[in-house]
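Each structure below is given as structure tokens.
In the two complexes below, chain A is the common chain; its partner is chain B in one and chain C in the other.
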Partner chain A sequence: MRKYRADVVIIGGGISGLYAGYLANKLGYDAIVIRKGQGATALSSGNIDIMGYYEGQSGWFDSGAEGIRFVTKRNPTHPYSLLDMAEGVPDLTIEHGKHAIMLTDDSIKEFNTFLGNIYTGSIAKNAYIGTTLGTIKPTGYLPFYMANGDLSHHNDTKIGVVGIYGYADFDAGYCADSLKHFSKQYHFGIDEICPVTIKFKGLTEQSNLDPFNIARKLEIDEYRQKFIDDIKTALGSKEVTHLAFPPILGIDNAKVVVSDIENELGVKVFELASLPPNTQGLRLVSLMERTSGAKIQRGEVISFNSDGSKIKSVVVRDYSSKFLFEGDFFILATGKFISDGIIDTGTLKESVFGLPVFDGKVWVKHFDPLKMSERQLISPKGHRFLRIGIRVNYKMQPLNDEMNIAYENLVAAGSVIGGYDSAFELSGFGVAISTAYKAVQTLQELRG
Partner chain B sequence: MEVTYEELVQKSQENYEKIEMVLKKELKEVHLYPEDLEYMDTFGKCINCGLCISVCPVIEEVGINGFLGPREIDVSMVRNVHHVTDQVDVIFKCIGCNACHEICPRKIPTKEIVMFLRHKLLMLDKSKVPTPLHSVMNNFDQHKMFYEPKPIEKRQKIIQRQLKKVGLPYIPDPEKEHADVLFYTGCKAENRLYLMREAAKLILTKLNVDFTMLKDMVCCGYASEEMGDYERRDKLRSELVQKIKKVSPKYIVTICPGCTASLKRIVEKYGLDINVKHMVEYLIDDIGLKNLTVNSNQELVVTMQYPCNLYREFGDYIKDYFKQILENVGNATVKEASISSKCCGGGAYVPLIYPKISNKMLKTKVDAMKEENVKVITTICPECNLSWNTGLHLFDKEKTLELLDLFVFLAALLYSR
Partner chain C sequence: MCYYNSVVFLYIKLLANDIVQKGDILREYDVIVIGGGVTGAGIARDAAMRGFKTLILERKDFSSGVTGACMGMVAGPVGLPVEREFNEWNVQEAQVLKQIAAPLMHTVPFLTPVFSETEAVNQYKFLQLYYEIAKKYGEREPVFLSREHALKLEPRLNKEIYGATYHEEYAIDVFRLVIENLLSAENYGADVYNYHEVTRILKKNGQVYGVVAKDILTGNEKEFYGKIVVNATGPWASKIAGLADVEVKMRPTKGVILILERRITNVGLQMLGIDMTFKELVPHENTTLIGPTSDDYFGDPDELTITRTEIELILESLSRLLPSLREHRIIRGMAGLRPLLYKWGKPAAKVPRDFKVFDHEEQDDVGGFISVVGGNMTIYRLMAEKTVDLIAKLLDKDVKCRTHLEPLPVNEKPVNISELSQKYNIPEIIVRNMYTRQGSKIEKILSMIEENESYKSIICTCEPVITAEVIYSLEHEWVNTVDDLRRRTRIGVGPCQGSFCTHKVIALLAKRKGWGPLKAQQEMLAFLNERWKGKYPILSKTQIPQEELTQAIYVGLGLRSINSTERDEI
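Then we have the complex of A and B:
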């Protein structure tokens, strides 16, 4: 078996894993990210949700900070509440949530610097963006391709929603109608929303288009020009100030595509947040891969060696080869069910180190679909199974079922941590980024 | 009025009975086997995220309309394997590069499924198997190899001529019965890329390796596996194992990534105590870069074409090895292109059955290389070498690009010192 050594071995290559890799690398550690494939980050829409909604709150939070204050008051096991305890116990001398807000703010700002300031937004004010289904969602930070898409900032705007014949994942007419309905409900200052469905001449011979194909074509100058001409023709005499697109504006070169369309047509351009299959999550992951500075190793961790208190090494399988990775510190960032961070093998547990899992209140041993989910898909209570994850202390060190630190040199980050439901709270990237930040801080402390 | 729990149960029961009836009827008409059920599981595993569509090089060329892609195969085709006879084009457009497996959050082995479906097609309706494959099968039966070998004299002539062209000497094949190392050439190098084979032989000789070669090549079964012909694969493998056992080597060194992958599996399956290595791996791990160093004054900027079979099956370290040899031995400046890791377009019989798709992929690759101002492309895989040869012949009429085989390059360096 081939042996490798690194200071920090990070298991999981989603947003928290790659960000932890960047932070560790910046602190002078030799860091390696082990990942078996793309996880939920690549399926996301790429914007940073800090906190959008919580059970017991009527409507959405105005800001991420408000959300964090709300949740730290009510739920002591939420990751934000753990981040709020600077010294291991709640600090009663200051306001609830203050530490967590500061830490989250710092971590997101650092994250933004890491990616070359592609995000705009703030923890003090949520933005409201449209989705490809025509619904509205609150979010903290917007990537550059959505920057013009904060609908609450729109004032007397006329939006054209661009659809493409043959691209069946997105229906511009349906989306525009739905957006119109919701923008009235939330009193956004949008004057008019109309669908603009075009025939993309570069791709006319195809009837079943996927977003990646269109996005790749738009990165080529020639096709981009055709695309812009097609939009011009379709717009005709219609006057619009903004154009909303499904996730098709390029993959690695999205900046050029966006600015070209803006300059040629004299309008503001933004993408709508989208469900997978989706280019937006991939854009983020590929940017992080390029800039994190940590080495990325493909493979699945299948077992580990420890001396009881410390993890010595992990065994990684990549197709038919096996590798041994030794390290001083290990970061667990494997995610939840989509990426197999938590698995059901008779008992429900964390997949790499076999750590017990809890749902924010009690340890969970067996998976029972009837008790762990609500009848409605989008329920105001969220789903219990989505809150399942490992239990960590305020330093992001995983705990065993006796509530002791499981391994001295192990920390966790991202959605493998239990006690929160990112889909329903709209807190996914916020928690992932801030826990990764805290986890690396803990490493620094442990090294002394 | 709302539906009661009992009514719901009643309704489900009725539906269940209906489904049961249909399945019973179907099972009388089609015959399913235990392995079919095993692959049926992937249907539940796939989360329909569509990431595979984003990386599939075939979809990139022909669109999702031209090739349904990994998701369709994982979700719908595994559910009714007996319908594979109606979807021959889908399973034969897969180029087998494993890129979808690499990105998949659920780690679904799509390539394995495709091979299995091809196997199923072969069992159910042999006449639907594309015609080029029949002649390949014929070759396996007659010559135990992918290609029909050329007559010995003609072959010898070509070898001499090609060696002369690059200024390398000719040495005959070693005919030892036992040796430490068995140098396994593979069908493509044995019958088409003579120079690659000779160069590798020269390298091993120069480095004083105690090695031998098989007198009559037998295919490792990789090519049969790729067309789903498990019967021929197993036959070839058992024959090859007999030959290997006679030599009883410590190492098997190959120059073909497909053979490396296949031989590793053979060694594991038959419980042989042999280390299978690709030449690049052998040179660095067992010979050592120190013993390879050559003082070369050549200034060379090269770009790699990584073979999917090797780096996706055995790990990314192969990429580093490839680079290390070029940098340390060849004194070359290594420049990675954006498409270095993308399939060459020569995999899994696509060039034979759908040459248009393969050529389209090659054109994209040639254009991308030109755009990135690449001058020299290196390969360590016969399959990549052959398809790049075709690609440059068809789409690089001005001859701005040059194809360099790593082994020929190395041999030339070693023999010039």
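Then we have the complex of A and C:
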């Protein structure tokens, strides 16, 4: 078996793994990211949710900061509450959430620097964006392709929602109606939202179009020009100030696609947050891969070696080859169920190191379906199974079932950590970024 | 005086006509069928074909009760109690179905593996009993396969088997079978309503003369008058009979079926399970069905849930044949109640499956009211025939049953699938799948593409179902919700259970039904919740990631439950 060595071995190549890779690399560590796939990040819509809702609360939060303050007061095992404990115990001299807010704010700003400042937003004010489902959701930071999409900032705007004939994933008419209704309900200052359905004549097929197919075409000058002409025709004499799109505005060259449409048509352009199949998450993963500076190795960690207190190495399999990666530090960023970070094989556990998992309150060894979820798919209480994950201390060090640090040189980041329901809270990227940031801080401390 | 009377009479008649035309209060029928499962649909078709003015009322959607929870197996010789007459009916009716509903049916090759020679002999003898009947209809003889041959056919079988009996059965798309019966009934002048719940049975001087039904979608109550009211409500038969103050005694048994994410075997498998009742594994469309269980059930038919024990009973039983079974993802569980006749002294699995048509005039001195109880899906047509025979007798009309002679709309003429696939440039698998649901109607459906090429787009990527079929169904098949559309077209039943198609279907429905955004969102939630009902009790292992994804999609994109002010607005 071939042997490799790195200062920091990061397991998992989603948002928290790649960001941790960047941070470690920046601090001068030789870092490597081992990943078996793109994880759940590639399925996401790319915006940074910090905190939008909380279980049992009917309304949404006006800001990520408000959400963090709220949760740190009520839920001591939430990752934000752990981040709030600067010294391992709640700091009673200052306001709840203050540390966590500061740390999250710093970490997102650093994340934005890492990606070339493609995000705009603030922890002090949530943005409200439209989705391809026709819903409106609160979020913290918007990537450049959504920057014009904060509907709460619209004033007397006229939005055209662009649909494409033969692209069945997205119905512009339905989406426009729905966004119009909810914008009114939330008192946003939008004057008009109307559908603009175009026939993208540049394509040979006019059915079964998928967003990747259209996005790749739009990165080619000739097709892009045709597409813009088609929009012009469809708009006719209709006056719009903004055009909202499904996730089709290019992949790696999305900036050019967006600015070309804006310049040619004299309108502001944004994409709606979308469900998979979706280019938005792919854009983010692709950009992180190019800029993280860490090495990326494809493969799955199948076992590990330790001396009981420290992890020495992990064994990685890529198809038929096996490698051994030795490291001083290990970062666990394997995600939750979607990416196999947590698995149910009859017993429920973390998949790489076999760490025990909890639901925010108690350890969970067996997945009993009737106790794991609510009877409504979309429940105001969230779902217990979505809160399952490993337990970490305030330094993001995983704990074993005796509540001791599992391994001295192991830290964790992202949704492998339990105790919060990111889908309900809309806190996925916020927790991923801030925990990765804290985890790397801990490495620094441990190195001394 | 005489003159005056006839004028008044004429006036009343005109008034009545007026009301009938407005379609509000006065509705008169020869036959009112309560229950839109396979039996009710079969009765409606038969009655309408014999020239009776017929009405069928279903409180939810067609096939949403026990019909929708069956495995769709036709004339299965194994797993049924050995009652010669009943088996004979089954085999006969399978032949009829082959004639009238061919596109909806397909052959399922079955292996019945055994672990010892004695077992092999018994099993073979048992199947011979079936074959004695089946050979009259030219069905293939069961053969005994050695261990080697059986393993060649199904390599993942337990290597320790002694051998296996091979025979063939038929499966049918029950959802479509019901719709086809209703379409045929409608063609013969029947009125067909789903979402109409019968709340009262109108009775005067011991004579039933109609029903009061609540339109679930609008909340309005309506009266319907009929000479004969038929109670074909399966497990709810006792409850409906109670509305007419008569008793129908039943012994409902609960059956649970689990659905795996894809076809995991080449052939169907069956065996005596851990509880000595037959368990089957059937490849079904793009999924695999495993089950059923059979237990007494005395609770509310509307409150069926699936227990861990039932899941284990099925998995433990069939794992003996297919040791890798537990590695597969269970995407859903279904529970249904077999509406069996009351029987003392038999264990649940052995309760006879024969049926009875109750003439309540004879039995309880309540005229104009009939209940039909028992039987199974395969013999639905026969049950309908016997029921309508009684109706004809009561109404004193000498008309014979023709439901076995005339094909259902699905099988009206042969179509060339390959040709259509080439003509419209659609993969043959899509056209073939559509044919198994819509049969000869696919020509009409595909021709919609000529007007609108985007109708070729696949809506459900799991199955796959194209837009044209969804729209056709929406416009012709009593569709009110996404869930109705699922029963018509199989959208949302594949491995993703609607995660990737619900929003697309909602958009199509909203446009055609004129739903506002809130109503559309409510319907989206309703469908996702309906899917969830079959998923949360079985959630485990590799199904957990799928549910995390569904949550990330819908909840993560800001979809929240409708609050009370919003509900008022709708």
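Throughout what follows, the second predicted complex is superposed on the first by the 444 of 448 C-alpha atoms of A that agree within 3 Å, B and C clash if a C-alpha of one lies under 4 Å from a C-alpha of the other, contacts with A are read in each partner's own complex, and residues count from 1 in each chain.
Rule of thumb we're sticking to: a contact is a pair of C-beta atoms (placed from the backbone, for glycine too) under 8 Å apart; a residue touches a chain by one contact, two chains touch by 3 or more.
From a predicted model like this one, the values you see are computed outputs, not experimental measurements.
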After aligning the two structures on chain A, examine chain B and chain C and state clash or fit. clash
Between chain B (first) and chain C (second), which does A:T131 come into contact with in this model arrangement: first, second, both, or neither? second
Of chain B and chain C, which one contacts the greater number of residues in chain A? C
For A:S320, select first, second, both or neither according to whether it touches chain B, chain C, the two together, or no partner. first
Touched partner set for A:A254, first chain B, second chain C, both or neither: neither
Output check: A:L43 vs chain B and chain C. Expected answer is one of first, second, both, neither. What do you get? both
Touch test for A:D177: chain B only (first), chain C only (second), both, or neither? second
Taking the superposition on A as described, I'd like to know which of chain B and chain C A:T279 touches: first, second, both or neither. first
Between chain B (first) and chain C (second), which does A:I433 come into contact with in this model arrangement: first, second, both, or neither? neither
State whether A:A24 touches chain B only (first), chain C only (second), both chains, or neither. neither
Under the stated touch criterion, which partner chain does A:A423 make contact with: chain B (first), chain C (second), both, or neither? second
Is there a shared patch on chain A that both chain B and chain C touch, and which residues make it up? 40, 43, 206-209, 276, 338-340
Touching residues of chain B toward chain A in the complex: what are they? 47-51, 53-54, 59-60, 63-66, 101-107, 261, 264-265, 268, 312-317
Touch list for chain A against partner chain B, complex: 2, 36-40, 42-43, 203, 206-210, 212-213, 216, 251, 276-279, 282, 297-300, 318-321, 323, 338-340
Of chain C, residues touching chain A in the complex: 308, 453-459, 467, 500, 503-504, 506-508, 510-511, 516-518, 520-521, 524-525, 528-529, 531-533, 536-542, 544-545, 547-561, 563
Would you tell me which residues of chain A are touching chain C in their complex? 40, 43-45, 52-53, 58, 131-138, 165-169, 171, 173-175, 177-178, 180-182, 206-209, 273-276, 336-340, 344-345, 367-370, 372-373, 375-380, 383, 385-386, 422-424, 426, 428
